[in-house]
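Both complexes shown next keep chain A, but they swap its partner, so chain B is in the first and chain C is in the second.
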Partner chain A sequence: MSYRWHQETAPMTSLLVLQNALQHCGLKVIDPSQLIEQLRLARNNILEVKNLDQKIAAYEEYMDLIKKCSDTNSLPTSIKLNNYQLSLTNSFRYVVSGYSANYDKTDEQAMQASISKLNDAYKLIAMGLGDEMKDAMASIENLKKEEQKKLRETLNRVVKAEQESYRNSIKDAKDKIFQIIKENAIKEGGYKVKRHIYTTGKNAGREQYVVVKRS
Partner chain B sequence: MRQFIRLADKLPSSQIYGPGHRFVIWVQGCSLECPGCWNRDFWSVEAGYTMDVDLLISEISDTDDINGITILGGEPLEQPESVLKLIQSVKKIGLTVMLYSGYEENELNELQLKCLNSSDIVIMGRYVASLRDTGLRWRGSSNQKIKMISDVYQNIDINEQEEVEITIGQDGKVSLAGYPQKWLLDALNDI
Partner chain C sequence: MSKEIHEIWVNEDGSFDCESHSIKGEKCIEELRKLLEGLAEIDEFEKKKAFHDTQNKRVTSKSKNMQYLGGK
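This part shows the complex of A and B:
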């Protein structure tokens, strides 16, 4: 008996984090978008170059790319991997569909495990953005003082750029969600949408919309 | 002595379960099992998780910018000792309490009545599917009554309105509270 299945990824807003997560999970992107490939090459280049000036130049190149992935428009509509394809069917989630000629759950289970690993990697990388650069900072003792300063300043800028890019991608996603809700509320008639953004304490960063219709 | 409460869920701040911004606690377990209930997952006493009431109180007191707490479920009055401790403790730190119960006042024992009388607002009565009205504020069906126990919200204007709340957490997780209409569910499916 044949059957079809599909699996959704967790919400993903940042191409920078997604590319890093794919690389982290060892998922090779076939026929990648230009930006995905550029990010991969730039990240590899940082690791490969040894000379300080080359290293700084590699970081600068990486930072130029980071700026290009700070909104959800940079997410590719489809990502082809070795065994399957991720399709951006709604605004911020990828869907993987599959088909099995026999009622054999092995393919489905393998794909589920793979997506779950990608979701976890995405979350971990997003939470620890900048950690990689901080690790790099900790290992620059063998340089001269002047050189250390120069590299440290560059690394600090990279950390800030990565974090800012991720924050902007989330902000962009939230703005789109608000827009979608608002447009639909107006279309339905009689509804108002109140937006509240938490700025302090443990709730900082949470966003709440209340859709109201007077009876 | 440590006291535990069985919970289904909690939301650190909501604007649709009572006046102002409130920390919302859904307790787990309800023997009333009203037909058509929206929270059937909260009926079983086996599901959910237990939490030390002191820990919950400390989490609430660490939450900024809330006016009070709202306890619903499940059936809060089926865990009266823990609920009473929770109510009394949060009132000591200046928060108001809104309590939901599917019971009527004449069905309550002494301890349950103490929970009710220690709250500021109580929403009482079974959920009756045939009387469902999404245009009511804070209630699911028109038989349910709003009782002002203390005078804190005595003069509040209860504008009847349909309310749905969409929250996006720091991690991008979207959650929904209230009684959403189909158009909103469809719109959110596109997100």
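This part shows the complex of A and C:
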């Protein structure tokens, strides 16, 4: 008996965070886009260089890439990994599909574990943007006060750039979601759509779309 | 004149929660499917008591026939 299966990731809006999560999980991207590859190399470069000036230069290069991520603001429609391919859906999730010829669930279960790990990494990295930089600061010893200041300033700019890029990716995703709902409502006819953006209180960070039809 | 209301919540992580008022049964799910077309498939939902209440044709605007739908 055969069956088809599919697994979905959690919603993912930021290429910057996604690339970091893939790298964190040790998932090698086959034929990556130029930006994904550049990000991977830039991160590796930051870890490899020891000299302060080189380190700062590596961070500057990384910041240029963060800006590129924010400017293009597009997730790849598919990401090929070693054993499977992630395909992007409109709801900002990636899907992996598979086929089992003999009802063997091994592949599906392995995929479930892998996706779950990727989801956790994405969430962790998104929530902890900045932590990595604190670690970086702590790892550099024997710096003079002047040098420490220089590095700290650079790291602060990196953290701000990362956080802003992530926030913008979420904002853009929500704008797109609202746009699609509005278009669907117009297509169906008779609906009015209102958007409420919550920035404070228990719903902070959430958006509500109220779709009303009078009949 | 009756008012059909769908509340679609987009959470911080981009997932959806939906709640409908004054719409009963399968019609509610059908309408939400259309509104969320291209965005989410409704894969799990919690039926309220009113979901099966097709006998009561007189729905007033005060009655809250809420159906909680957890979309993707």
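Everything that follows uses one rule, which is that the second predicted complex is superposed on the first by the 207 of 215 C-alpha atoms of A that agree within 3 Å, B and C clash if a C-alpha of one lies under 4 Å from a C-alpha of the other, contacts with A are read in each partner's own complex, and residues count from 1 in each chain.
In this text, contacts are C-beta pairs under 8 Å (C-beta built on N, C-alpha and C of every residue); 3 or more make two chains touch, one makes a residue touch a chain.
Keep in mind that this is a model prediction, so the values were computed, not measured.
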{"item": "Clash or fit, chain B versus chain C on superposed chain A", "value": "clash"}
{"item": "Partner chain in contact with A:Y99 - chain B first, chain C second, else both or neither", "value": "neither"}
{"item": "Touching partner for A:E8 - first (chain B), second (chain C), both, neither", "value": "second"}
{"item": "First, second, both or neither for A:T200, with chain B first and chain C second", "value": "first"}
{"item": "Which superposed partner A:E188 touches (first chain B, second chain C, both, neither)", "value": "both"}
{"item": "Clashing chain B stretch [against chain C; choices 44-52, 98-106 or 134-142]", "value": "134-142"}
{"item": "Overlap of chain C and chain B interfaces on chain A (superposed complexes)", "value": "10-11, 13, 90-92, 123, 170, 173-174, 177, 180-181, 184-185, 187-188, 205-215"}
{"item": "For the chain A and chain C complex, residues of the former touching the latter", "value": "8, 10-13, 90-93, 123, 170, 173-174, 177, 180-181, 184-185, 187-188, 191, 205-215"}
{"item": "In the complex, chain C residues that touch chain A", "value": "1-16, 31, 34-40, 72"}
{"item": "Contact set on chain B toward chain A in their complex", "value": "12-16, 62-65, 135-136, 159-174, 180-181, 183-184, 186-191"}
{"item": "Residues of chain A touching chain B in the complex", "value": "10-11, 13, 90-92, 123, 126, 170, 173-174, 176-177, 180-181, 184-185, 187-188, 194, 196, 198, 200-215"}
